[in-house]
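Input: structures, listed below.
Both complexes below contain subunit A, partnered by subunit B and then by subunit C.
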Partner chain A sequence: MLKLAARSVGRNARRSALTAAAMVIGLALLIFSRSLAEGAHEQWITSAIRIGSGHVAIQAPEYLESGKLEHRIGAVGHERALRAVESVSGDQVLAHTPRLSVDGLASSAASALPIRIEGVDPEQERAFSDLDEKVEDGRYLEPGDRLHAYVGVELARRLGLKVGTRFVLTAQSAAGDVEGQLVRVAGIFRTSIPEMDQGLIHIPIETAREWLGTPDAVTTVAVLLATSRDTDRVVSELRDALAGASDLRVLGWRQAAPELDSALRMDDYGDYVFHSILFAIVALAILNAVMMSVLGRRREFGLLQALGLTGAQTGWVVFGEGLFLTAVSGVVGMVLGFLFTWGFFRNGLDFSGLVESEGAWASAGGMVDPVIVPTFHSSQVLLSLYFILIIGTLASIYPALRASKLDVAEAMKFDR
Partner chain B sequence: MSTLNAGPLAVRTEEVCKTYPQDPNPVQAVRGVSLEIESGDFVAMAGPSGSGKTTMLNLLGGLTRPTSGRIWIGGDEITDMPDPALARLRLERIGFVFQAYNLLPVLSALENAEFTLLLRGVPSAERHRKVRELFEQMGMDGLEDRFPGKLSGGQQQRVAVARAVVGEPALVLADEPTANLDSVASAALLDVMERLNREHRTTFVFSTHDPRVMERARRLITLVDGEISEDVLRNRVPA
Partner chain C sequence: MASDGVWWRVAWRNLWRNRGRTLITASGLAFGYLSAVVMVGLTDGMVAELIENGTRLMMGQVQVHSAEYLPERNMHHTIGGYDGVDLEALLARLEANPDVTAAAPRLYGGGLLSSGDETKAGLLYGVDPDREQQVSTLLSRVSQGRLPVPDAYEILVGVEMARQLSLSIGAEVVVVAPASDGSMGNDLFTLVGTFETGTPAIDANYAVLPLSDLQYLMAMDPGRVHEVALTVTRAWDTPLIASGLAASLEGSGPQFEVTPWTDLRPELAEAIGLMDAVNYLIAGIIFSMAIFGVANTMLIGTFERRREFAVVRALGTTPLGVGRTVVYEGMILGAISLAVGAAITWPIVVWWHNSPPDLTSVLGGFSFSGSQWRPILRIEYSYDTPIICAVALFLTAVLAALYPAWKATRVPPADALADR
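Showing the complex of A and B:
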């Protein structure tokens, strides 16, 4: 029966080729678009978490909800968190950095604006974030800096700041008093992310600690991983390592940056809709081809039953044809999709012509480089293949049922 | 009704009717046919187009169900036999030869001829031996690997006959087997079928309006408007 099914596919070469082409193109497109989406997501995540709180953030338990300085990590907790990070197995941890963050006000002679002030270790921050590469004017913070600030381009514009200009930061200290700190602009950055460019300031962490009365404290130990896919595993390891530390909480980036998680989920949803349409087209192509095959070969199937095949066996022959076509096309489509994507776009697909001004898309606290490098996940590729096989199987069921319920005498008269 | 009780029966029908539903008036293709055919007989059913010949063969082969009446094949009643059992009976006891050859186009001549043996689970070597022997007897040796599209009409029909008889069925039903053949090919085909009938005592029932087939038949049943109008014994070899 398998031989009969396989030969029938081969005999109707044009019809089989058209069906196979629909599946091959469908699957190849699917793999191409999935790998691009994965690549864009990875860039987006990496960008957002580098400026934000990392793939993994270690904070005081209440800090995520309150964002207040009173929920900070002390020297002992900080030391314990660092030991835990350094004990993570493998080489997934690329960098980690301490942050002391507080909401405050930036004031100049021109205006006063609400901002997010991040106290950072300039050296560790350089290894962690790429904010130092976004210099528009001046420079990033350096070790030994004391009263220096690195500000966003939009904030600088609205406060009338230039490199070397002094302005005042105001925030509530650990003691609950409102304290001011005079700083000087060391550099101005442009990320193309509006909320960063108009609302973020980096100052040296020692300056922040002294000003806010929190010696040796941090609000977050941010951990950067090689890939976001390692997040759950590293979170789990760190939670185990810090199981006894009730003053510390380990968060993955989805928890620490829920707005990024939501944005990615929405983007994924759009992908699912697109892929569903693609799958539907492929399914209709298969259904059409197999149906045409059955309708055009009623007499042949009638003959099989006249010779002694049961209706069910005849149905299996048709079903086998559908499966055979699907399996061959699925494998070819997967290989072609991979080769096409890897062969032409392994160095990235350049969408810069679609970007209006700043050379990147910004959303949900992250940036996506207009040159998107496709990322292949074997699980995604196998999932696509799996879905195509499922669709091929489902699309073959109805024609198989039609063939199995054939009126043999009528079928033998057909096309006489 | 014609009754010939000279030997064991290959086929028996009792008041068989077949009506096809059709608006506004249903078509009565077969009207109360009662018939007995002995094992080893060589029977032609003749009659004009629409007389019910093909419907009668379909009924005898279990390809369609009678509207009323009963049918037996070799002693087993097939009137209400379940579909899988009927398929099994066709596979093991009935061979079909159709007017339009009806070979499976994706199989070679040998594969077509051995198809029913394959379905019966006969080992490959035995299948090939039987088909090759038959092909040799039918002057088809050397054509085993050809696909139907590369065979002439007469060659295709001989492959169809080989497929029908290779499993040594008790009954072969042939629906106008010579309709698409020239006189030479028709004569050759009839020779083959006569020899198989003689050597294996296979019962042959043809539907035909080809005088060459009628001449060779040992019993000629004429159908008109779905009823037997004449049933004549001829060409009988004295016992």
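Showing the complex of A and C:
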């Protein structure tokens, strides 16, 4: 039976090739666009997360909602969180860093702007975020710095700041009073993410603690992982390790950075819609092709049945034919898509020529590097193949039914 | 040509000789049309949303500043320098321009807002409420309470800021802001309303005050404003209108700079251009996939009709005539699919446009290329998208018919008649 099906595919080489071409191109396209989307997402997540609160953030339970200093982690909690992070198995944890963050006002003689102030440990932060590499002028914070600040290029411009200029940070301290802190610009960075360039300042964590009256405190312990895929695993491992500590909450980046989460999910929805459309068109092409092959070969099927095949067996031949065609073109399409993507673009696809201003690539606190390196997920590739097979199967059912209900005499007598 | 009509009829009849095949092919094309129009419409909806939030919500289409103001936005660089200008005269002069439909003066400041227990930094936005409503849409997003009136120490803040400061309508707010004379201005205001734009960055950071109150707080004279925002008659011509305005403002007195939104938000303008390109790519992919489906079907159709073609060739038809009927078939198929596609697409698009799925409860808004996006899947329809897609669909059907048609012209009559 299988042999019959395979032969009838081979006998109509041209028709088979055309149908297969539609499927092969469809699937290859799918793999190509999927791997680019995956690659872009990973870059986007990484860029947002290294400036933000990491793949995994350990905070006080109420901090995410309130963002207030009263919901901070003390020395004991910090120590416990660090022990838990260091106990995470495997080598997934690349770096971690303490942060003491507060919203405040930055003012100079020129202007005043609301900003986010992050108190950081210069050495650990350097390993964690890539903000220190984005330096435009001056330098990043260094151990031993006291009244130094690392500011965004747009903020510097709006406040008229240069390296060495002094300006004032104002925020509500832990005691509830409004406290000012004079700092001096040590360096200016440019990330091309508008929110960051205009709204983020790094100062040494000790300075922040003293100014805000919160000795030894942190608001977040941010953890950086090798890939975002391990987030859920590390989160649950940390939750187990910190099960007894009611003053600590472990958050994955999807919770800690809801804006990034919704942007990524929105992007995913768009991809799904596009891919469903591709699949639907491929399905119609298969249905059509298999259908044609049945209607055009009434005589042949009539003959098969006259030679003793039952209706059901004829149906199986047609079904097998559809499935065979789908499977072969599915595999070919996948390999082709993979080879194409890998062969030409393994070093990244450069879109930077499309737009001039880098800010156009920024969204939700992160940014997509215009040079997109495709990423393959075996699960996703297999899923695509699986879907193609399902569609092939479904599209073959109706023609198979038609073939099985053929009236032998009628089919044979019809002479063309 | 009389015989032409015959070929059309042959094509038409042949389409219906195999009803199932024609229906599947036509529905494939119609579906392609539907998905192309919907995909492009969704992207256009997102673009409209980005422009709305990036420009109309707060910015205005054209802005007039002092020549020194941009890009630093130094608070001292008000229009006309430290002395300010005769504001009424300036507004009247701007509005006298036939391209300008409305003008609104603005003053910007940064400061701390405090409810007593809680303190938060915010952007202070001093406006003339009546004029501002003709230029931007922020003041139409009041979710609770009302707009502030001048000289009564009233203030309007975003819902998220009100939440963070635990403020309700009628509560008192202390506003502290660096003033132009180097002192710290501070005053007690009454919260009269909150606005909700759906984008966290705006709802959490902005406070709206009447222009005169903010001028007083920042120790500035009534003639001092940072910016006059304008609405113009032809939105797509903004850069041209801006340069015309700049020319008309030149001369003695204060130096002005007139900037259209495309210059204020270059990354947004570029991202929008990029999205348009992506639209064409998506439509292109959808239709090229459809070409395969159609070509496949028609090719099989022509193979089945080898004998028929051979007969008509033997009766004296030129190869061109045979090929023509296949192309006609493609054209009729395209027209049918188009009619079906349009009949399905329009109701869906109109319905979608009028009641867009609101995902606000599932997803939060996020920033995009310097603008903000709310998760409402709006569809925008213009007249060009459906027409371009229609032309693409028709071309798809005709293009797909070309190869089968060429094959049909190459049927050798004798061989085909002799033995299939």
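Brief remarks follow.
By our rule, the second predicted complex is superposed on the first by the 412 of 416 C-alpha atoms of A that agree within 3 Å, B and C clash if a C-alpha of one lies under 4 Å from a C-alpha of the other, contacts with A are read in each partner's own complex, and residues count from 1 in each chain.
FYI, contacts are C-beta pairs under 8 Å (C-beta built on N, C-alpha and C of every residue); 3 or more make two chains touch, one makes a residue touch a chain.
Worth saying up front: this structure is predicted, and the values here are computed from it rather than measured.
Contacts of A:Ala22 after superposition on the shared chain: subunit C is touched, whereas subunit B is not. Looking at the superposed arrangement, the partner reaching more residues of subunit A, out of subunit B and subunit C, is C.
In the superposition on chain A, contact of A:Ala263 is made with subunit C only, not with subunit B. With both structures placed on the common chain, the touch criterion links A:Leu242 to neither subunit B nor subunit C. In the superposition on chain A, A:Gly104 makes contact with subunit C only, not with subunit B.
In the superposed pair of complexes, A:Leu225 makes contact with neither subunit B nor subunit C.
When the two complexes are overlaid on their common chain A, residue A:Met196 makes contact with neither subunit B nor subunit C.
Put simply, subunit A uses residues 416 to touch subunit B in one complex and subunit C in the other.
Those residues of subunit B that touch subunit A in the shared complex are 55, 58, 61, 63-64, 83-84, 87-88, 90-92, 96, 98-100, 102, 104-107, 115-116, 119-120, 163. Taken in their complex, subunit C has these residues touching subunit A: 18, 20-21, 24-25, 27-28, 31-32, 35, 39, 42, 71-76, 109-112, 114, 117-123, 164, 176-178, 182, 200-201, 205, 266-268, 270-271, 273-274, 277, 282, 285-286, 289-290, 292-293, 295-297, 299-300, 303-304, 307, 363-370, 373, 375, 420.
Subunit A contributes residues 4, 7-8, 10-11, 299-300, 303-313, 407-409, 412, 416 to its touches with subunit B in the complex.
Residue ranges of subunit A in contact with subunit C, taken from their complex: 14-15, 18-19, 21-22, 25-26, 29, 66-68, 103-105, 107, 109-115, 157-158, 160, 170-172, 176, 178, 194-195, 258-263, 265-266, 270, 273-274, 277-278, 280-282, 284-285, 287-289, 291-293, 295-296, 354-365, 416.
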